[in-house]
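Below, each structure is written out as structure tokens.
Here come two complexes built around subunit A, the first alongside subunit B, the second alongside subunit C.
Let's turn to the complex of A and B:
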């Protein structure tokens, strides 16, 4: 396993290098550079543009610029943004990452969860009303024009019904005198959610070993959920920042719901197909023959095995979370990585665009690695075989 | 499944019950589309010169000696007490310099309560010159022009003495250094001292620009309040703002007077005559100005209709669809103003036969601006024939020659054919018209140039419909009209940056279409068309070269008398309208929206719209 992991890591670094090189030259292939904006102000003399080009290193040959960038990149220096000169790229990315991470991870998780739940139900009730209904609704949303759906939801729930905030990611009036910035709250939210998730993961991993009786296991896991939720609520309450966190949550509802509506059908149909395959397996028939209740056969025998491709798909989709979504961020005024990447590309801010893309690329590559490892870990039929043992078989 | 539904219901219920905390302050809410990028004025007016830095942050905190009084844009003192003294020739350190003295008002203060003195201005000017305005970049070279400004000295606490290498023209003097912002010496001196420790000039400038001041003193009505990047930006009143209560009065004869009842300061641009056209009493009248960030116009329009914001701050104005939507919205008013800009087409005059004047005149004759703006665009654009738009009234030459004015299609074609023939052009198949019926009966084909060669097809770079549908449509019509008389042109919709690169950086083009946003003082008339700007990356990308024009442009740039400058600007426009290095086409009015039930502005009509005067934050009154 260790060798396999090291080999995959090596491939990952090589892929990253190729990716960075491609990204760099594709961005450089765009016409003009950031100083071109100065051409449109007749009060700015040509000498000022030339000085800026020199300052940004744009007057050096492209290959020199490239080697300079690669050297900096692999020593952890993403350079200085041209459009926010001389602010470091890292500084800008660090400001945007928590917002993107929280929004898109939440929507990916929810979409996965809704897809998983509905998928296993409609597969079990194949051909019934629920199957047709959920498929039609899911596919309708899946094929909907995303910005239009988002605007309709904003108009309905924010503008007409006033149930949800109109736009942005916080309510300015609430934050004017706040003792902390929104990014601090984002960091706390991510940490507290990660803590709660870790607790639940531990409970789910340890309960089967420590608790023998199935009914007791159920109570323990339910208790863990209650403890995790109560911990989150009481922790936030005690911190004094609950109102600020809630403000962010309330602004997240519309984008998360829209993203979930658009994408849950993919997970649902994948789960449905996988379930239909699984239900034909002998062990499911055996479980039924033993007289186990339908729900137990569905959830504990069929759904667990069927989950495998969905988990893989989920791990891969988590990888693209960091890319954010330009449309989502623009329509909901949620300033994240997608927006900064778009702006940087439009303005020919090479270091910022390359930095944002590199970051996204690293996340996707790591997600692929995690998916590989997860797949091998989840499915006992798959094992990592060394080349020697492969040759001997 | 049930748990899932229950979860959704619970979240919905809690959200429905929760309500936003409302501030009790009098807040003037505006929408913005992008974050400012810096609070450092050297950066904001330098490499990070953006609309939002100018309208929302950095720039607005810094005083200037003089300013332009909107809505008439009269040149008036700001921190200065009176107009600068006439230039005096002096020998200083073996150099012949021209000096001028500016007296400062004694009632002006920074937001930390310290007085604004000559020392602050002198420090800023000399520091910028020392660090090199070209290296700081952006607007600094034109604000502190090193070719004209030798140095600045302090005579006493409230007197500044300028030392200039030449007598500067209006663009360098009244519309340049005298309107340059300056900073507080006490706050910025240590920053410059730190930057000076760097070994190279570039590193010094980088250190200066990297400094991000959060609690810097302001010398204007507003002080930085709070900034949550990606969400909002807030300005609060400067407690020591001396301008509060100051009365600016505009008279029928164009005279402007300023009177400060608290300090007793008085100034008049001349002898007031006739009625008072406008009387502005400076505020601010609100407790804060809150700029909310919306990243798309839909959201900002919804925010305006629901009353979340009072004014829609948008340098591009409202699109037609949004205008219609907001016209139907209750308590929302729309206001239309002239814009200070123009859109145009131009040929590469380095190439044959585009350098033939009659060829350009023939193309201009073919273009029916009124038809496109009124019939096709349904009045959302207005025709233009000179680079100075009518909104900039004092400088606008309404009498310039307009080719094809009032002609129908057949007459335009006949006139274009006549112009081309007069320059020696001919056709394989000459276009024919029926003047009585007003129709073109035969399309031209095979245009033969005066040198006897057949004209080769050429590209006309126009904007894509996605980038600017108006320019795209205009370009397609122009192409069709040129093709109709046999000019072998094809429109090539091209991405904006590519047009810009081909035109300005590479000068590799035949014809292109573009637009300009302009300043009040029309020194661009010289910059866009002077032959010293024809080099790569120069503003005269079309390559126009006319010694008579250059001479007049130089005279205009060096002009120190405002009335003479106006006459020269009008003469320049007359030459351009005949020679047509640019064929000026049209522009769109600035349409903006505000909450009529929430805010009241002292005036609504001003060149560039309310956004051009930054949403009138110091004079707006809240009704609720």
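Let's turn to the complex of A and C:
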């Protein structure tokens, strides 16, 4: 497992390097440079413009500029944003990335879970009404024009029904005399969520070793969920900032729902196809012949194996999910990575656009790595092969 | 899917009579085999209701788009032109649906139905052009990589790995906001970018499974060159799968085009995404229920069009993928 992880990490760094090179040359191929904005200003003579170009290193050969860029990138110097002038790009990105991270992770997990549950149900009832209905609804959302879908959801739930707040990240009136900034609250939210997730992961990893009987395993995991959720709620309640945290959460609901709606169908349809294959396997027949209940055969025997291809394609679809995330963030004015990328592109803010695009790529690459490692962990065949090769070398 | 080439029953000879020499020209036999293979696949395709629905919707859009030039003969082009038209008679704009304008007018007085019909053939053009470029590049690379293996294979597969992870929409937004990107630029850029991506991996594995068949060996023994084998034996056999991916690619391209048009990044005079952009930038999308004709027709058209190609792809999947067939 360690060796597998190391080799994947090596590939990741290589891919990242190629990606950054591509981003650099694509942006370099765009016409004009930064100083072009000054051409129409009569007070700036041509010599001053040339001096500025020299100062910024724009008159150097392309290769030299490229090496400067790579060195700066890997030493964490991304330059200064034009549109948010004195703020360094890195500073802006560091504020934005956690927000995108939370939005992306929540909606991805949710859409994966919904797709998994629905997919195994509709595969089990192939050709029935549920199958056709779920496929048509899923395909409609999957191919829906999602800026419009997002706008319709905003209009319905925020503007007409008033169930949820409109756009943005927070409601400003609530935070006017708050003692802490929204970023602080948000970081503590992420920390507490990560703590709860860690607890659950630990329980899930240790339960099969410690608890023998399947029925009591089920109770232990359920108990862990209750403890984690209760801990989150009571912890925030005790801190006294629950209202502020709830404000951020309620602003997150609509973007997460939209992202889930547009992406669950892909997982669902793939899960269906994959289930249709596994239900023909002999071991499923054997499980049925043993007289196991239909539900157990479906959930415990067929669906477990059918999950693997879904995880693979899930890892491969991360790039397009990120594209959907950008659209969602822009429409919902969720101040994340996607929105800043869009704004920077519109305002011709080259350093910020480059940085945001590069970090979008890094984001996808890291998510891909996580999915890969998860896959190796889920599929015993992969880890067996790697441990065998480790033993032989 | 390979039955087209593999099962080649010759013309049935009446028993007892001497077998006549094949007198028909070769192209006639090929044509008959093609028709038969097509009919067999059609039988399988017909069983999937989803695919048939999709095909029906595509046909509808085809007729809808074809009706536009005909319709323009019967109406005043100054009023009904989708880009420059203006109707002074039905003020104020946007005016709700009426007998003059079946789907109402947009904020600057243009007929919505006309825009919808005018955009249809352009959506077909963008989608099919981009998908065609993707499929041609993907098929060539996939078959060549599968056939030769070795360095070619490794290089293109690693390239595909990177391309899969590329966040295209953000990239196209950045590129589109720095340069003028029109309809055809968008089509070929997204087509080429897609062509090096995941499709090559799928087609390569398909080409690999065909490469080891015995008729490829037979062709080699008979002295066929690499080029001949790839062109005459491998490409026809990966074709159904390419066609399937083409359907899925059309969906992706149209959605991408609509999204970029919606953000006002594409330099395009009229498309379904552009219609929503017009309504949105004029501020009419705040009250959805009041000005429904500004967004509903265009949004529905995008969704239906993309869903139709996707559903045809799903239907074809049941034909192409033998594991999904009902037994």
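The criterion applied here is as follows: the second predicted complex is superposed on the first by the 320 of 393 C-alpha atoms of A that agree within 3 Å, B and C clash if a C-alpha of one lies under 4 Å from a C-alpha of the other, contacts with A are read in each partner's own complex, and residues count from 1 in each chain.
The definition used in the following text is that a contact is a pair of C-beta atoms (placed from the backbone, for glycine too) under 8 Å apart; a residue touches a chain by one contact, two chains touch by 3 or more.
Here the structure is a predicted model, which means the values were calculated and not measured.
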Spot which of subunit B and subunit C makes contact with more residues of subunit A, would you? B
After lining up the shared chain so the two structures overlap, which partner does A:291 touch, if you call subunit B first and subunit C second: first, second, both or neither? neither
Let me test your reading of the model: by the given contact rule, A:30 touches which partner, first (subunit B), second (subunit C), both or neither? both
Per the contact definition in the header, classify A:330: touching subunit B only (first), subunit C only (second), both, or neither. both
Check whether A:277 is in contact with subunit B, with subunit C, with both or with neither, and answer first, second, both or neither. second
Once chain A of both complexes is superposed, is A:182 in touch with subunit B (first), subunit C (second), both, or neither? first
Could you say whether A:338 touches subunit B, subunit C, both of them, or neither, answering first, second, both or neither? second
Is A:151 contacted by the first partner subunit B, the second partner subunit C, both or neither? both
Just checking: does A:246 make contact with subunit B only, subunit C only, both, or neither of them? Give me first, second, both or neither. first
Between subunit B (first) and subunit C (second), which does A:143 come into contact with in this model arrangement: first, second, both, or neither? second
Both partners, subunit B and subunit C, contact subunit A at residues 30-31, 151, 155, 159, 330, 348
Touching subunit B in the complex: which residues of subunit A? 30-32, 36, 38-52, 54-55, 83-87, 95-96, 99, 113-114, 117-118, 121, 151, 154-155, 158-159, 162-176, 181-182, 243, 246-247, 250, 253, 329-335, 339, 348
Write out the stretch or stretches of subunit B touching subunit A in their complex. 1, 4, 11-12, 15-16, 18, 20-23, 27, 35, 37-38, 43, 47-49, 132-135, 137-142, 202, 205-206, 209-210, 225-226, 228-232, 234, 290, 292-296, 298-299, 302-303, 305-306, 308, 495, 497-498, 500-502, 504-505, 516-517, 519, 523-524, 527-528, 535, 537-539
Using the touch definition up top, name the residues of subunit C that touch subunit A in the complex. 49-50, 161-162, 164-171, 173-175, 177-179, 198, 251-252, 255, 258-259, 262-263, 272-273, 276, 280, 285-286, 288, 295, 299, 302-303, 306-307, 310-311, 314, 317, 321, 323-324
Which bits of subunit A are touching subunit C when the two form their complex? 15, 18-19, 22, 26-27, 30-31, 132, 135-136, 139-140, 142-148, 151-152, 155-156, 159, 269, 273, 276-277, 316, 318-320, 322-324, 326-327, 330, 338, 341-342, 345-346, 348, 353, 356-357, 360-361, 364-365, 368
